[in-house]
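Labels A, B, C, D and E are assigned to the chains in the order they are written; within every chain, residues are numbered from 1.
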Amino acid sequence: MSAVPRDPAALPRLGWTLAALVLLWPLLRLADFEPVRLLDEGNLRAMGHFIRGFLPMETSHDFMALLGKAMVETLAMATAGIALSLLLAVPLGLAMTRGLSVSRIGPGRRAWIGTLVRALVRALLAVLRGVPELVWALLFVRVFGLGASAGVLALGITYGGMLGKVYGEILESTDGRTARGLLEAGSGRVAALFYGLLPHAGGELVSYTVYRWECAVRASVVMGFVGAGGLGQLMDQSMKMLNGGEAASILLTFLLLVLAADGLSEFLRRRLA
Amino acid sequence: MRAGISPAGVFGLVLLAAAAAGSFAFLEMPLGALFTGSAAREAVAFVGRFIPPETDPAFLAKVGWAALETLAISLLSTLLAVLGGVTLALPAAGRQGPLARQAARFVLNLLRSVPELVWATLMVLAAGLGPFAGTLALALHTTGVLGRLFAEALENTPRAPAQAVTGLGAGPLAAFLYAVLPLVAPQWLAYALYRWEMNIRMAAILGFVGAGGLGALLYYSLSLFHEAEASTVILAMLAMAIAVDGASAWLRQRMAG
Amino acid sequence: AAQAEDVLRVSAIPDEAPTELQRKFAPLGAYLEAETGMKVNFVPVTDYAAVVEALATRKIDMAWLGGFTFVQAKIRTNGTAVPLVQRAEDAKFTSKFITANDGIKGFADLKGKTFAFGAPSSTSGHLMPRYFLGQEGLNPDKDFKNVAFSGAHDATVAFVQAGKVDAGVLNASVWDKLVEQKKVDPAKVRVFATTPSYFDYNWTVRGDLDPKIQAKLTQAFLKLDPANPAHKEIMALQRASKFIPTKAENYKGIETAAQAAGLLK
Amino acid sequence: MGFSLKGVGLTHANGFRALRDVDLRVACGERVALVGASGAGKTTLLRVLAAALRPDTGRLSLLGTDPWDASPATLRRLRARIGLVHQAPPIPPRQRVVTAVLAGRLGQWPLWKSLASLLYPLDPEGARHQLARLDLGERLYERCDRLSGGQLQRVALARVLYQQPDLFLADEPVSAMDPALSELTVALLNEEASRRGVTLVASLHAVDLALRHFPRVIGVKEGQVLFDLPAGQVREAQLRELYAAEGSVPMAGLAVLPDAGQPAAAAPPPLRCA
Amino acid sequence: MGFSLKGVGLTHANGFRALRDVDLRVACGERVALVGASGAGKTTLLRVLAAALRPDTGRLSLLGTDPWDASPATLRRLRARIGLVHQAPPIPPRQRVVTAVLAGRLGQWPLWKSLASLLYPLDPEGARHQLARLDLGERLYERCDRLSGGQLQRVALARVLYQQPDLFLADEPVSAMDPALSELTVALLNEEASRRGVTLVASLHAVDLALRHFPRVIGVKEGQVLFDLPAGQVREAQLRELYAAEGSVPMAGLAVLPDAGQPAAAAPPPLRCA
């Protein structure tokens, strides 16, 4: 028996691993990484004291009324924000997907146009989500004034950038053979999406969208900036004041909403399956 | 003859559309204002203040250092979160029975439903003001996020390869590594890199715990209306995010071959 | 700004929790509605810049600004923003440096410690303390181990009390209120230094607001009298002994300080 | 207006030369079987004919057009006229049979129709008709992952039958079927092609089926055409050479072949070219 | 210590009765071919034998154990001794051939070894040896999505050969291979089973291969055993009945079968039961 050739992937693999380890060290130093600090007695006491402050939870009538109002507002803003972001994300995400690119299997001489368009869309999405929410919020304050409108729009735009990118990547990571088969049989890209990619990726897309909605519910920063209120702002404030009882009540609300979102996601995915 | 989509499905879709419409109505959003001439003028004026970006060498050095710090915090927190996320995602995807699934899901939901800011406060108390607290705070929240995303990606993966390997008598971990990981790896990688990109941007939080970084710098310049400086910081953040985004695209393309 | 004629849109910089601001404003708002005959709409926000931005683009009509935010607003409106009134206390405002660390007795002990300001654009929580620290020969960016921005004055106290930072600074008015309301434990947290006095907060309107309304508003504020039981609650909530007229020149000093501290370009 | 290849060569991304210098001319309405050892390049050749893989060298003309020289719109129209039955059916596991079959017409339907059909199948009758020809009519609303291997393969075939292409390509269309069903299916493909007067190219491992049903048989070996003959002229020695590439393969399997001299049974096709 | 089924029935989740009342007893070291029409239940039966599907009724004993009565640890050990070649190779597309083959021993290796082998293949020699027997030795480090249909099927076979199971199950193991390679492969499976003295059950659509290589042939029809005979006693009429289920299937395909009376060629296996 002749000698078995050595694994050709082994050497590069070793090289990358070593390179990663060498890079990790300065990063750990930069981030001040000292896990022993977590065991420091004074720190443990401070944290214990703070966590004990979570009980009893704040349940006064005033606060509950405030919480209820904030919750309704938050749900409305999150839903509206996600709806707006979908308007951006769906077309851009599709444009970004290589698996749906006709030109990649199609006439090669035009392939560079497709590549260029995808790169441009990628860059556009990066700018949409890369410009901080606060900057968008300040921009929209100039148009709408203070209030929910500016916040929801800022949210819609940044989340549009995020969803678009993630949609594109999900569609690319799924088994593309079906869609490719359809494109090869002359189908258009939208039809190939619905018949070839969504059956594989539908669950994943739904699950990510619901997760984003859940993030929108928690989104404190933008909403508070422009005076849109909501749960996030309430939370920020209780936390800055280190008011444990209020924080605990809001956290419980968050947890309930997250559980609800999780259930919704599971329900939708099951329906799709 | 059965219809293509069940009545319950149609009902669900209608319900979702109604929820969106209801939300817009409730918020009374004058979206029309977006398309007025004054809106365009205001927007142009606003953007104009950001141009040109600040290029003072001293400030650039400050931005460079903050960028390094941001890189370290975001990368480490994402790495920790990937480790934690994978560990929790396996039981959360129902591979160790329904009981473990519920338990793991609950832990993930808890980690995730506590916002970064709250984790930051806790971690500052636990580890003191500074980048380490920021790293831990981001790692904890991100674990919850990645754990959930990883778990759902797992559940959406075809089962046949894994069943074939367990059919050979392999244990759950081995079956996962040999038959599931190759299938979900591109998606997991995409999520992890994407979360890294998000963590680069976690602005307010890091400033709040005194970790500095680009986020704190940005918030500071915006508060003081130093738009030119803010613009430099935004460009630095964008450059990092686009680099990560490009790396993600490149890596996954390489994997797909 | 067509519908603005019968609605007065008001906001305030979030130097305290927005809900607290809203609570404080409620009776004042009702009073102003009665005095001007306009509907008064108050929007609490969490970002200083958003208030200035909204005022500069005429999306709100009147705002409660700090000294430094007023300077910013003036610059952004090309000098048209008009300060109407301020509290008597605002004419000689101070900030308190506080700590819960036994080792800190004066400015010299702050070197190498962690420190919390309020918000970056706060006058009494950031600008003036930074300016006075500079005069004491301390550069926060270099001499402190770590600087955090708590975002609001009451949050700074919470930071210090929980041991998150070694020391912090906040405005005297909020400190007094917290001590009065027993929200801080004086045995733990103590004041170790106080700044010299300076001009701070005021009520500012946008320059193109109808002068008649401006006059009505000024009158309404000046008419407030602590001896009148109906006004007493409003004054108490605003922590004002009385309101006095003010003018833009009063804030020249702040502008200079901001320039010196490098916060204004 | 069938197709023609001239000096076509194809190298895969990893540098493997799967086709070298293939010359081939198939007239409209011809029915051709491809035979060859595993890894010979049959699938690659069929994918080139489906305008799915682009050759690096040589000239290619499909139904009168050079696909790699055409505009995207022309290419898309061309592809809608070519139907390929894949070797491993690329059908999403959770998709229903009816949807999988109707997908055959996506290239011809306007977008609204494709989308509407997802909500409510627009032409279940048409899909059922094609399935019934393959004895699968009653599984119309079943999910594809609930089918057996041979049933799934028939769904993939029904899709291309439903597409009604002008160039019908099939890659091992009966590999998962039992002998009786294979016979029926190959006969059906030939009958369909003759009746509609379209060109049919099928790769087949079952040499006997190839020889009995197709007028023309092409042997592919190591990416090249080894022989290209009327079925009646294929000799056992040629088949032996075709499969001998596999090292020391015992030739017993070929003993079962019908006498290679026996002429193919098919009637000459009535040429009604599309 | 082969296996036995008594009154085994299985209903799929959608209510389809795929197996009904199957009685079967196969001794250690026997080599059995399963034949039957598409959808007859061959795959289902093999999956029951692989302890992958649980029957709803009847009693089952595999290698002396009832899998559905055993503890999880026992079941796992049992499964490590059973190898099933799936009809459609369930191998992740991006996996490399060497990893896919080495996965065959996952049930026997300790965890550390499985993990280490992912980083650096621990037994490439063993994997190559099995691949080389199927004429695929040089593709060791290739990615599986770069293989042709027949090559991928051989990788799946090499995995189970590498596993060295005591009960060797194969579902259409040669459906994507050319005749010569099919012949070689079926012979190889039989030779391997005889040499190691283990039990072999393979479903095959190529009836001639079944009759020539396996001493015992079982016909499955509509989830039931239609006949269970030594290969030499299978008559054409029985095959005709077996495949007649498919409505009006023309029986021409069977004409090519060798005279069914001809005895199977295999030598009696030397019983060395594991």
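The criterion applied here is as follows: a residue touches a chain if its C-beta (ideal position, glycine included) is under 8 Å from a C-beta of that chain, and two chains touch if they have at least 3 such contacts.
Source: prediction; values computed, not measured.
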>> Counting hops between chains that touch, how far apart are chain A and chain D?
In response: 1
>> So if I look at the partners of chain A and the partners of chain E, which chains show up in both lists?
In response: B, D
> What chain is the most remote from chain E, judged by the mean position of CA atoms in each chain?
Replying inline: C
> Counting C-beta pairs in contact, does B-C beat B-E or the other way around?
Replying inline: B-E
> Can you name the chain that lies farthest from chain D, using the mean of each chain's Cα atoms as its centre?
Replying inline: C
>> Using mean CA coordinates as chain centres, what's the gap between chain C and chain E in Å?
In response: 81
> Approximately how many whole Å separate the CA-defined centres of chain B and chain E?
Replying inline: 46
>> Need the CA-centroid distance for the pair chain A / chain C, whole Å please.
In response: 36
> Per the centroid of Cα atoms for each chain, what is the distance between chain A and chain B, given in Å?
Replying inline: 5
>> Quick check on chain C: which residues sit in contact with 2+ other chains?
In response: 47, 49, 57, 150-151, 162-163
> On chain A, where are the residues touching two or more other chains?
Replying inline: 46, 50, 134, 138, 142, 144, 175, 236, 242
> Out of chain B, which residues touch more than one other chain, so two or more?
Replying inline: 42, 121, 125, 128, 130, 158, 219, 222, 256-257
> Inside the complex, what are the residues of chain D that reach chain A?
Replying inline: 50-52, 54, 67-72, 75-84, 86, 90-92, 94-95, 99, 103-104, 106-109, 111, 114-115, 118, 163
>> Going by the contact rule set out above, which residues of chain C touch chain B in the complex?
In response: 47-49, 52, 57, 72, 75-76, 114, 119-121, 146-151, 162-165, 263-265
> In their shared complex, at which residues does chain B touch chain A?
Replying inline: 6, 8-9, 12, 19-20, 22-24, 26-27, 29-31, 33-34, 38-39, 42-43, 45-47, 68-69, 71-73, 75-76, 105, 109-110, 112-115, 117-118, 121-122, 125-128, 130-132, 134-136, 145, 148-149, 152-153, 155-156, 158, 186-187, 190-191, 194, 198, 201, 203-204, 218-219, 222, 230, 234, 237-238, 241-242, 245, 248-249, 252-253, 256
> Considering the complex alone, what residue numbers of chain A touch chain B?
Replying inline: 26-28, 30-34, 37-38, 43-44, 46-47, 50-51, 72, 75-77, 79-80, 82-83, 98, 122-123, 126-127, 129-132, 134-135, 138-139, 142-144, 148-149, 152-153, 162, 165-166, 169-170, 172-175, 201, 203-204, 207-208, 211, 214, 218, 220-221, 232, 235-236, 239, 242, 247, 251, 254-255, 257-259, 262, 265, 268-269, 271
>> Applying the document's contact rule, which stretches of chain E touch chain A when the two form their complex?
In response: 93, 96, 98, 119-121, 124-125, 128-129, 140-141
